[in-house]
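In this document, chain identifiers A, B, C, D, E and F correspond to the written order of the chains, with residue numbering beginning at 1 in each.
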Amino acid sequence: MFRHQKELQFEVKVEGPDPMLARQIQEVLGGQFGEMTVMMQYLFQGFNCRGEEKYKDMLMDIGTEEIGHVEMLCSLISQLLDGASPEDQAEAAKDPATAAIMGGINPQHLLVSGLGAMPTNSNGVPWNGAYIVASGNLLADMRSNLHAESQGRLQVARLYHMTKDEGVRKTFRKMLARDRYHQYQWLAAIEELEEKKGIVVPASFPPEAEQEAQPEAYEFWSLSEGDASSKGPWATGSAPDGSGEFVYIAEPVPKGHAPNPPVPATELHHDLDEKKIQK
Amino acid sequence: MFRHQKELQFEVKVEGPDPMLARQIQEVLGGQFGEMTVMMQYLFQGFNCRGEEKYKDMLMDIGTEEIGHVEMLCSLISQLLDGASPEDQAEAAKDPATAAIMGGINPQHLLVSGLGAMPTNSNGVPWNGAYIVASGNLLADMRSNLHAESQGRLQVARLYHMTKDEGVRKTFRKMLARDRYHQYQWLAAIEELEEKKGIVVPASFPPEAEQEAQPEAYEFWSLSEGDASSKGPWATGSAPDGSGEFVYIAEPVPKGHAPNPPVPATELHHDLDEKKIQK
Amino acid sequence: MFRHQKELQFEVKVEGPDPMLARQIQEVLGGQFGEMTVMMQYLFQGFNCRGEEKYKDMLMDIGTEEIGHVEMLCSLISQLLDGASPEDQAEAAKDPATAAIMGGINPQHLLVSGLGAMPTNSNGVPWNGAYIVASGNLLADMRSNLHAESQGRLQVARLYHMTKDEGVRKTFRKMLARDRYHQYQWLAAIEELEEKKGIVVPASFPPEAEQEAQPEAYEFWSLSEGDASSKGPWATGSAPDGSGEFVYIAEPVPKGHAPNPPVPATELHHDLDEKKIQK
Amino acid sequence: MFRHQKELQFEVKVEGPDPMLARQIQEVLGGQFGEMTVMMQYLFQGFNCRGEEKYKDMLMDIGTEEIGHVEMLCSLISQLLDGASPEDQAEAAKDPATAAIMGGINPQHLLVSGLGAMPTNSNGVPWNGAYIVASGNLLADMRSNLHAESQGRLQVARLYHMTKDEGVRKTFRKMLARDRYHQYQWLAAIEELEEKKGIVVPASFPPEAEQEAQPEAYEFWSLSEGDASSKGPWATGSAPDGSGEFVYIAEPVPKGHAPNPPVPATELHHDLDEKKIQK
Amino acid sequence: MFRHQKELQFEVKVEGPDPMLARQIQEVLGGQFGEMTVMMQYLFQGFNCRGEEKYKDMLMDIGTEEIGHVEMLCSLISQLLDGASPEDQAEAAKDPATAAIMGGINPQHLLVSGLGAMPTNSNGVPWNGAYIVASGNLLADMRSNLHAESQGRLQVARLYHMTKDEGVRKTFRKMLARDRYHQYQWLAAIEELEEKKGIVVPASFPPEAEQEAQPEAYEFWSLSEGDASSKGPWATGSAPDGSGEFVYIAEPVPKGHAPNPPVPATELHHDLDEKKIQK
Amino acid sequence: MFRHQKELQFEVKVEGPDPMLARQIQEVLGGQFGEMTVMMQYLFQGFNCRGEEKYKDMLMDIGTEEIGHVEMLCSLISQLLDGASPEDQAEAAKDPATAAIMGGINPQHLLVSGLGAMPTNSNGVPWNGAYIVASGNLLADMRSNLHAESQGRLQVARLYHMTKDEGVRKTFRKMLARDRYHQYQWLAAIEELEEKKGIVVPASFPPEAEQEAQPEAYEFWSLSEGDASSKGPWATGSAPDGSGEFVYIAEPVPKGHAPNPPVPATELHHDLDEKKIQK
């Protein structure tokens, strides 16, 4: 069960309205790597967690924090929209400056939400449940979390340069710091999990079953011409878990046959000329 | 520019049809972490790559390989569908066993694709461009790649137990081995990049700008009751880059104010009773 | 079966082109509460209606009217686009005023539809079948219809201020009047249905089955700090159907246990350390 | 800012696994009217609320409660999935009973979430931000809330009959009671708002602007043959706000012209034969 | 403006319920090539038509007919669902035959629509505005229409074998005949348009602008190994409009350079090591 | 299996940056008829092809070429974005010209992709698997291909006028030429297939089954008032395959009954008043 406290986690106080910026900021609220994503991802991972209590508790701690981040961004976007009005569009015909702003805002901020934030990205595409990951495998999921925080902090860093408004920037600095902490957090958790089980996800797939495919677990196949890729640490030396040596396959050869599917039943109506079908 | 060779990368030869399994396998073809995702993710990262040639070349090598994995899975799914027929549905009313199979298949494999694989997941949801990531920041993107290969191998491992068909399992073993290699590959690349620039993405966000928010970069906020989360490596000790010490905040206090947005212009038609608005 | 008459239901004649306004108007054509939504919602409710003839007939009357509203909006949007040309983009580099307009239009109006309306919202997101509701329960569905007409009229009212074009405004006035009528219509139908069956949807869920949960049907749980919500008519007095008295729970206490799911079978590859699982 | 308490709001304890039921229940978690929808809808309405404090507080109270409902349903679904295993698919070929269950479950519960709940509906379609409504107009939004709770309770009532599991039914009874209360709550709030401003949304659209369209605000247009619809309260008597009398138009006549759009510029490549264009 | 007549275009009377078939039939109602698609496609083409009156009128004739096809399919699906009940799920645990049927139906037909048809495909994916095409270029659009009717008739033909119910089959025969007519219709229209303007869409793109690229308009590039493709009519002989001769390029060579994008501004945070960037 | 060559198929070298044009060009990369669509469509058709080798080979040839077209467009978009920077947004407040450009670009090109192309259309809507068609019926699919190339070339032709940049135009000319060739190619293939099997898809649906519906295969139903449509080649003369004569039905009469569905079981909670249900 959850509870809500009126105050925001961090201060959100902008110097002035900027509806174009409000549109851009929607990306880190309702985009692929916005706060809605990490909120729902951590909550679902926490709700579904079947492992040790310390992981479940930690996921619930951070998931709960992220609900508050969604709240902060909604407040930030509302403030940047304050003062915008439908009449701007009617003015746009006369004034290029007004037209420029009108063209740059999200029309739904006026028409649909009435100056409120929306669960959509910077192009107005609705947030989608397929953005999140909760697989039950802790190492896989924490890698997902690290990747989400990396993309998320990158986007906030890019946004930071999009404004000179010191109030907005102050909120962004707090977010950048939290995203930094969250990267540390997942890195620390990942290190612990890798030490316990190994670095390959999932660790529990029976190695003997994969036996005959051992060579393929260490080969780099050069399928794009040029050999620049042979210079990387993925092409020479030992695998990170020391289980084998990398091999650079400069001239890869396919190991299968060309597929040759049979003609289906007439009821599927492929209208194929059976006698001309390849054998 | 690309070229195609008729032979499949690995052998794909099933022992017998299994249209229900064909439906499940769609997940690793056209699902969130299916082969279409890694194919498009690596290709877009490669096409857009602005960094060192060895990374770009490597991305093109593996992206090109993944097109071939999409091809292999299409062949696998087609083989498992061979012999399925629309008439099964007409038989289902009479025979529970037929009904059971009919209920478990993807109806679009009969109606839409005529026994071919589709660009959709195991529930028939179409593959979506929002599954992929290509940000331009190499470390962020390689973390995305590692996470995708982790989720992908996990799903193939689960699928492995869903069949006793030795032909299918053989193809899965090859895929598991390649997914293992690809995890090694991204781990090796990530290690190299972290050594160069540091472990926080993006490294280039000016540290001085984040100055005032330093404490927040090391604090764990316990927002879910209980203190199990205080036992993890994210709550005590040094940050992984040694830049500071973690602090466990057992009783977090909000640092902002409660938001209090003004009433908007009449043209937005909120119908608010202005004199009763909170101050 | 349906028939079409060439004339539009109401006059649509704009004073001049305004491609930016055309983009905004897409919201009330192909958005969440656009005319496509009410058209499809009423038609599906009518097609599926299993109740009294007068409701089915009424749904078909209004559903059929709404097809004509889609037609009117298409004509309106086309007129506002007349004269727009791909060459505007080529001019934009030289002229900020042209750039402003170009930035504010929907690029698909030029590239995809060739100056025609599209089945998308003001941000170009395609109309979606999940916007509509047709549950078979008449009261539930008429509440859906009232809500859709409320949101729809609100959006047209906001749009009204976005233009000074008296031709556009005239069409909007007709739409506002019809949306007003449609609100009246659903209000009247709802009142009749509530009188027959009661105000809770669905009325037919056996009350005895819900017996033990009676208290929860009258309690307001204050889960956000502060007691301002105790001042509302939902917190004191009788339920609208007089079946009980509201209770304001100032300090709610959870009534369930903390969940503690078991570790799944190895074949699910959660990679959990079984001995450390919480009991 | 939010906080989390470990205990669930209500008890969730199923008698035994039922993975097919788990799939159905996804509808009321991640479907159009599932708990994710009301949670996000109330939170966004609360975050964006610009009106009286008592409404904002109330929205935050109930929005916060709904996060806990998402949590409860995740626990319920997990329990119903306990014991499911990927090997069921491998058994399905041999055993119709296993095949029947396998066909009826959501394959992603095995492959993607590892026996956890997902942010998707009963067909696996991901939850979508376009399910929610937060317009800023309180009356419009509370009508949306009433409609959502009506559809939601209807679906839970239908689900109730889908199981004999007394543990599941007990949780459903609590949900049905809460959904009943929430209908009462919105009805009470709506009544208060309608008394203040009137029953038409938005109340603030200037009546004089709509003047010339007065007749259309009271007319029922019979566009489907038959006159059964003339028997309803929407066809005779006064409008619910007493502002006018309804008129039943038995033979509606269009009031506009047939549209006749001009041929666009050559650069749009319509390839029209200009001399044959209708005047 | 539109009008509705109570009778269906053709008789729809099934012999008995078949909820699994009802699910399959959703494909031709709300799928990519279902009746909703052709209905909306023809209506939007008609609404937006800027060409000769005979085309616009014809589009409106057939678009209006298709609304009636959506109506027929809704009736068909409802009839096949008659008698289905939520209690089937509760029985499924005990009875494989019931489980098989329950697994094969669309759960939303019970939970969401209450035995009504839905605007979704056979997997429950909602119909989407991006399924339709209305470009303004008549030849392009009529080719879209021919393709849609071809896919649509193919799917109905496949469905035909899925049932022995003579009532369902009778309705399908009418649909197959209409789909046949509609293919004739578009073929006849296409022939007329091609004769007027030529066979390449769009005809009006200035040929002189394409001058330097003339060779590329006649070359077949063999980018997949093997020369079977050299045997087709696309590889030898004249182009269908006689404007040139086909050339089979057995060993295609790229004509561009390898791309080499510059490093972006620091504010984009790619974290690239500038001195190692390729020249 | 596939291989990649570093050089682009055609030269891509723009004269200067134009981020607004970059946004528009996304339509022909990741839109409904963009290069991603034809690439995936031809590859899936090729992978799934069960017919003659020459068709499969040809599909693989062209599918492989289209991967290279995606690559070219990514390069084109990147070049047009070169030099764009997040700081433009911060400047927009001061300068209408900057605001105009900022409003016209895709914010995700800055925030998400870091100046790279994205798998989305010109409005930022992600590419979707439901854009493609691969049915197994060769004639149906080649008609799909012809339609896709027609819409695609139309869009490129419109884009052509959107720029004066001679570098961009040069690339477009190559694309226009290839799209012209691809139209020729599908036209040639279609002609061959129609000669073999007839012009109706699918040819194999048993004609005797459709017997009783013969009239409906030749009738034009005039359901929109006016008789302009009687002037077209679809209304008089012989069907294109000479199998019958067209009939223009000026006053169509429905041939079915009005539907009258029964009231469903109580457990579906329609809350209908049974005694008032129509007979």
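The rule is simple: a residue touches a chain if its C-beta (ideal position, glycine included) is under 8 Å from a C-beta of that chain, and two chains touch if they have at least 3 such contacts.
Bear in mind the structure is a predicted one, so any value in this text is a computation, not a measurement.
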{"item": "Shared chain contacts [subunit C and subunit F, defined touch]", "value": "A, B, D, E"}
{"item": "Which of B-C and B-D has more C-beta pairs touching across its chains", "value": "B-D"}
{"item": "Interface composition of copies subunit A and subunit D: same or different, split at half", "value": "same"}
{"item": "Whole-Å gap between the CA centroids of subunit C and subunit D", "value": "9"}
{"item": "Centroid distance [mean C-alpha coordinates] between subunit F and subunit A, Å", "value": "28"}
{"item": "Inter-chain centre distance, subunit D versus subunit F - centres from mean C-alpha coordinates, in Å", "value": "31"}
{"item": "Sites on subunit F at which at least two other chains make contact", "value": "1-9, 32, 47-48, 50, 53, 56, 60-61, 63-65, 68, 75, 78, 85-87, 96-97, 99-100, 102-104, 110, 112, 114-115, 120, 123-126, 128, 130, 135-137, 139, 154, 157-158, 160-161, 201-202, 204-205, 223-224, 226, 254, 259, 261-262, 264, 267-270"}
{"item": "Interfacial residue positions of subunit B with respect to subunit C in the complex", "value": "154, 157-158, 161, 267-269"}
{"item": "Sites on subunit C touched by subunit A in the complex", "value": "18, 20-21, 23-24, 27-28, 31-32, 96-97, 99-105, 121-125, 155, 158-164, 223-226, 252, 254, 259, 261-264, 266, 268-273, 276-278"}
{"item": "Subunit E-facing residues of subunit B, complex", "value": "1-6, 47-53, 56, 85-90, 92-93, 96-97, 99-100, 102-104, 106-108, 110-112, 114, 120, 123-126, 136-139, 196-197, 201-205"}
{"item": "Subunit C-facing residues of subunit D, complex", "value": "5-13, 32, 46, 53-58, 60-65, 68, 72, 75, 78-79, 82-83, 85-87, 110, 114-115, 125, 128, 130-131, 133, 135, 137, 139-140, 143-144, 146-147, 149-151, 153-154, 157, 160, 169-170, 173-174, 176-178, 180-181, 183-185, 187-189, 191-192, 199-202, 204-205, 209-210, 212-224, 226-229, 231-234, 237, 239-241, 246, 254-259, 261-262, 264-265, 267-270"}
{"item": "Touch list for subunit A against partner subunit D, complex", "value": "1-9, 30, 36, 40, 43-44, 47-48, 50, 60-61, 63-65, 67-68, 70-71, 74-75, 78, 112-120, 126-130, 132, 134-137"}
